[in-house]
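Okay, so chain A shows up in both of these, paired with chain B first and chain C after.
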Partner chain A sequence: MYISRLYIYMFPRAYITQNWQHIHHLGLSRNTTRLPCLDRMAGKQNDLAEALVRSGLRAELMPQHVALVLDGNRRWAQARGFTTPEGHEAGGVALRKIVELSCAFGIRAVTVFGFSQENFRRPQASSHSSIRSMISVLTEEVDYIMELIERLIRDNMDLFMREEIQVHVVGDPSRRPASLQDAAREAEEMTRSHSRYHLILAICYSGRWDIVQACRELATKVQDKLLRPDDIDESMLAGHLATNVLGDQLGCPDLLIRTSGELRLSNFLLWQSAYSELYFTDTLWPDFGEDEYIKALKAFQSRERRFGQRKVM
Partner chain B sequence: MATPLSYPSSDPHMFPICSRDNWLSLTVSMEGFLTSCSPSVNPKIEKPEDMVKTGVLARFQNFLRKCLIAVISYGPMPNHIAFIMDGNRRYAKCRSIQQGAGHRVGFFAVVANLLYCYEMGVKYMTVYAFSIDNFKRDPKEVQSLMQLMEEKINEVLEKQSVIDKLNCKVNFWGNLELLREPARLAAQKLMASTAGNTGPVLSVCIPYNSTSEIVNAVSEVCAERREMLQGERDGDCNGQAANSGVHPEISVADLDRHMYSAGCPDPDIVIRTSGETRLSNFLLWQTTFSHLQNPDTLWPDFSFRHLVWAVLQYQRAYPHLEQNRNLAKKQL
Partner chain C sequence: MSRPAIILKLILGLLWVIIHLTISLFNLWSLLIYNLQCYLISSGLLRKYQYLHLDRLNYLAIVVDSKEAKNTVKIRQLLSWLSTMGVKHICLYDIEGVLKRSFEPFMNGSKDEKARESLDIGASMNHSHYGYKNMVIDCLSGSDGKEGIAKAADLLCSTYFNGETHGNGKKEPKFTEADMASALKAVGCGGPEPDLLLMYGPARCHLGFPAWRLRYTEIMHMGPLKSMKYGAIVKALYNFSQKYQNYGKLLGFSTLNCSPAKSMNSF
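Moving on to the complex of A and B:
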C-alpha cells in the first residue's frame, strides 16, 4: 500500500494517465497531440481524473443526472444571525460551487429545484394587520428570490460558457416575472449550442403541474384528432414533460439530493424520479459543499440498483 | 409448498384475537376488540384450529400493546400508511428457507401489520405487492407469486382468513389486464364482495407501476374531454364556435379522479423496508407530502415495534408536513 502511494506521489502524471481508459464519456485517446485546444481538453481530463482519484469516487459508477432540492437557506440564515436574503445569497454561492464540482466530476446533467409553486403565498384579504404584514413580507421574499435567480443566471454566464453548459429553465412561465423570463431566454439562446453538460433550473415548477400540462397538450392533440386516447403510452407522456429537453438517456435523475433533513419529495420531478436513488441529508443548503457532495456520491455508488427486475421490489 | 418453516422463538407477530366462537363479534366494535381479554393468535400457522394460543405471556403482551397504542394516540395519528415490501428474498436466504417461502412469510407480515394498523386506528393501508417490472424476473418466481396471490384471495373469499373477520375492504390497484385469467377473476370477485365493507381498507398494488397509472389517468381524461366536446357539438344545433373556449382547463382534480387510488386519501407515511432509499415507481402522484421512511429491517421482520417507531417519527415531522400540505391545497 505504501509502495503504491509512493508511486502516486513520485509519478502523479503516470498514475493519472493509466486511469484515462476508464473515462469513456470524454472520448479522448491516450496519445494527445500538441494542439492547444486538445491540450486544454487534456488538462480538463487530468483535472477530472485527479478530482476522482482524490475523492475516492469511481468514474464508471458516477450518476449521469443529479437532481438537487435546495432547502434550508432561511434556517441557515436564522441560525447564524443573518437576514433571509443573505441566506439566499449564500445558497446561490453554494449552488455555483456544486455546479462546478459536477462538471469536474463529469456529471452530465444537474437539475436544480429553485422555487416551487407552493412557495407562492398569495396575499389574501384579511383584516388582521399582523397577518397582512406577514404576507407582505413573504411576497417581498418571493420577489427577492426571483430577482436573485435572475442575477444568478446573468452572473454565472461565464461559468456556463467556460464549461459548455447548456442552460434550460423549466416551470410555469406565467408565474415568473418578465425580467426573469428575459434572462432565462437569453441564457438559453446563448448556450443553445453547448452539449457537454446540462443545467436545468426548475423555477415555479411542480411535478404535478408538469404532468397536468403534458396531459393538456395530449388532450388538445386528441381533440384535434391527431391521436387516440389509447395510443398514449409512457414514452409519449414523458416526451411532453418539461424535462424532455434532456432526451431519453438523461431525462431521469439517477440521484436526488434533498438537504435540511426533510424526508419528502415535495412535488419535484414526480415522474422522473421513479427509479432515482434518494439521498436525504440534515445539512442546510448553504453548507452543502464539496465534502457533503462527495459523501452523497459515495452513498450513491455503494447502492445496488435493480429497477424491479432482480428482486420483488 | 409444504416446506417446514422455522420461526424464531420470539414471534413478532403474536396477535390477540378472540377465541374462534367470538370471531364474528370482532366486527361489532373496535372497543370490544381492544378490551377483550383474549388468547393470542399466531397468524403464521396455516390451519385456523392451530391459530389460537392461550397464555399469560400473550395476555401481558396484549396489555402492553394497548398501553403503548394509548400513549402514542395522544399525538397525531396517520390515516394512511403505504408499505413497499422489500426484503422477502433476502429473508429467505438469511433463514435458509426456500425463496417462495420468503414471500409467504411476507404475506403473514401483511396480515399482521394490517391488524396492528387497525388496532392503532390507521384506516387505510396500501402494500406494493408486485410491480409491472417484476414480470421480467425469473418465470418460476413470478408464477409462485401469482399462485400465492390466488391462494390467499380464495382463502379470503371462502371466509377462512383473518382479513375477512375484520370487515376489511380490499382494493386491487394496478393494471389487472396483465394478470392471468384465474388471478384476475379472483381479484375482481374479491373487490366486488368487499366493496360494501366498512372496516379497514387494504389496497394491494398488483401489478402496479405509478407511471402506467398516470398514463392510464391521462388517457382517460383525454377520452373524457373528447366525449364532452363531442356531446356538446352534437347537442349544439347552431354550431357556435365560441363554445370550445369555455371549458375549464384540465386540472389536478381531474387526474385525481382517474387514478386507481381515487377515493382514498394520500398516504401519510411511506415505509420502504430493507433500507433502500428509492420509490421504485410507487405512488409517485400521491406521495407528494408523505413522510418517507426506510428502516433497515427486512419486510417479514417488520413488526409492531417498527410500526410504532415509524408513527413516532411521523409525529415528530407532523407540524412541518401539515404546514406544507395546507399551503399546497391552494396551489396546483
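Moving on to the complex of A and C:
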C-alpha cells in the first residue's frame, strides 16, 4: 500500500507501466477474451483506470458533464508575440486535448462555449473612419472564428468516430454562416448513432436566447393544442432547453470551468448552471492542459455538495 | 519477508508520511497567510484597501446555502459590514427561502422609489430599509428563480395563445428577450442584474439564483458563512473594482494587421 501510494505521488508513469495489474482494485480485471470488441472495451477501461490512478482522481466522484468557457486565446497570443488567429488555433488544439482527456476520464458530456451572441455586437456605426474600420476588423474576426470552428469540426471527425462521441451543435442557427451549418449538420448526422460520449458545441449561443427559444417551442405546442399554458412548469421548460439533447440526467453540467481569470458566466448556461461547481482559473485557454484539468476535477471532487430538496433541472 | 524488503517498506512508508506532512504544512501556511491578510485589511494597515471605489457596484447579491442561512446573527453581521463599506443595494438569496422567512417579520414595507426606478426593479419586489444606513435589501428564494421564469413563460404563452384565438391563422411565436424581461416583471420576478455575487456555502455554485439576471455578474466564492471575514469582503469588493468588463463584445482583431490588440476578453 505504501509503495503504490508513494509511486502515485513520485513516479506516476512508472507505477502505471510496471504495476498496472494493481488497477484491479478499481473493479477492473485484465480481459483475457479473444473477442476484439471486448478487448477494445477492456483496453478503454484499463486506459480509464490508468488515467484515474495516475491523476489521483476518484472514479465514483467524476463529474458526468463538464462545461467549458474557452477564454484567453487573444491574451495568450499577445503574451507570446503571436497573432490572434494563432491564439485561436492554439485554443483549438487545447480543446481537442481536453476532449480526449474527458473521454479518458470517463466524463460522459462536455459542453463548449464556442461563440457568444454578444460577440456579434459592434460599436455604434458612425461616419468616423476609425469606427468604420474597426467594424470591418470585427467582421473579419467573426468570420475567421466561424471558419475556424467549421475547420475544427471537420478536422476532428476522426476523434469523434474513434471515441464514439456524439456531436451536438446548439445556438441560434440563423446567425451561423451556411458552411458552418453544413459542417455541423454533417457532424451530427455522422455521429448520431454514438451514445458513449457527447460533445455540445454552443455556437451563437446565449443563456437568455436558450430560455426564450424554449418558450417559443412551448408556445408552438400550445398553439398546436399539445399542451395548455397552465401545464408549463420548471421541468417542462427545462425539457425544451438546447442542452436537453442530453436528457434529464446529463442536461446540467456538474462542473463549469472558465479560464483566463474572469469570474462570470457571460450568458452561458444560465439556467443549467444552478448547481454546477464553478471553477475559475487564471490559466489562459491554450495553456489549459492535463494538469490544469486534473486540478479542476480535484477541486470538484473535494467540495461538499449538498442541494437540499431542490434538485430539479 | 526478508530484512531488506522490510527496511525498504519502512523507508517508503516514512517518505509517504513526509510527503503528506509537507502538503499539509503547505496548506496550513496558505491558510495562515490568508488569515493574516484579512486581519491586515480589517485593521486598515494595507493602504490600497482603505478606500473602496464602489461606483460600479450598483447592486450586490449574496447567495447563501440554506443550511447556513439559518444563522441570522451572521447574516446581520454581514449586512452591517456591507453597510459600513458603503454598499447601497443588496439582494439576499437562498434557495429554500430561509432568509425571506427570517427577515420577513422585520420588513416594514417601506419602498425607495428612486432606487427602484434607477435600477429598474420589478413591480412587486419585497424590500425594506432594515435600519442599515441608506441600504436597500431584497430577499429572494428559489420561487423567484426557475419557478419565476416558468411563470413568465406561462404568461407569455397564455398571452400569445389568447391573441391567436382572436386572430386569423397561425403565426410562429416571435418572443424576444425583451418580451421575457417584461413577463418576468409582470409576474413579480423582475429586477436588476447584480454587478457582483458573493457565494457563502460549501459548494461553489449559485444555487439557482434568478438565471435571467446573471449574465455578466462577477461571481466570487467566499467560503462558509460561519468563517466569514471582514477583510475577505473588502478584498472581494476591491478586486471587483479593478475588473474590466467588455460585456461579450469583441474589441479588435489586430490580427490580420499583426499589431497587438488592446482588448482582453472574447466573452
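Going forward, the second predicted complex is superposed on the first by the 268 of 313 C-alpha atoms of A that agree within 3 Å, B and C clash if a C-alpha of one lies under 4 Å from a C-alpha of the other, contacts with A are read in each partner's own complex, and residues count from 1 in each chain.
What we mean here is this: a residue touches a chain if its C-beta (ideal position, glycine included) is under 8 Å from a C-beta of that chain, and two chains touch if they have at least 3 such contacts.
Source: prediction; values computed, not measured.
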Superposed partners chain B and chain C on chain A - clash or fit: clash
Chain A residues touched by each partner, larger count belonging to chain B or chain C: C
First (chain B), second (chain C), both or neither touched by A:Ser260: second
Touching partner for A:Phe113 - first (chain B), second (chain C), both, neither: second
First, second, both or neither for A:Gly207, with chain B first and chain C second: both
First, second, both or neither for A:Pro85, with chain B first and chain C second: second
Partner chain in contact with A:Glu100 - chain B first, chain C second, else both or neither: neither
Partner chain(s) touched by A:Val142 [first = chain B, second = chain C, both, neither]: second
Which of chain B and chain C A:Arg75 touches, first, second, both or neither: second
Clash-bearing segment of chain C relative to chain B, given 9-17, 27-35 or 99-107: 99-107
Contact residues common to both interfaces of chain A (with chain B and with chain C): 117-118, 121-122, 207-209, 211-212, 214-216, 218-219, 222-223, 229-230, 232-234, 237, 262-267, 270-271, 273-280, 303, 305, 307-310, 312
Interfacial residue positions of chain A with respect to chain B in the complex: 117-118, 120-122, 206-209, 211-212, 214-216, 218-219, 222-223, 229-230, 232-234, 237, 262-267, 270-271, 273-280, 303, 305, 307-313
Chain A - residues contacting chain C, complex: 2-3, 5-6, 9-10, 69, 71, 73-75, 78, 83-85, 113, 116-119, 121-122, 134, 137-138, 140-142, 144, 207-209, 211-212, 214-216, 218-220, 222-223, 229-230, 232-234, 236-238, 260, 262-268, 270-271, 273-280, 303-310, 312
Partner chain A, residues of chain C touching it in the complex: 9, 12-13, 15-16, 19, 65-67, 95-96, 142, 145-147, 149-150, 153-158, 160-161, 164, 170, 172-177, 179-180, 202-209, 211-212, 214-221, 243, 247-250, 252-258, 260-261, 263-267
Complex contacts: residues of chain B adjacent to chain A: 84-86, 88-89, 103, 128, 130-134, 136-137, 145, 210-212, 214-215, 218-223, 225-226, 229, 249-252, 255, 272, 276-282, 284-285, 287-293, 317, 320-321, 324, 327-328, 330-332
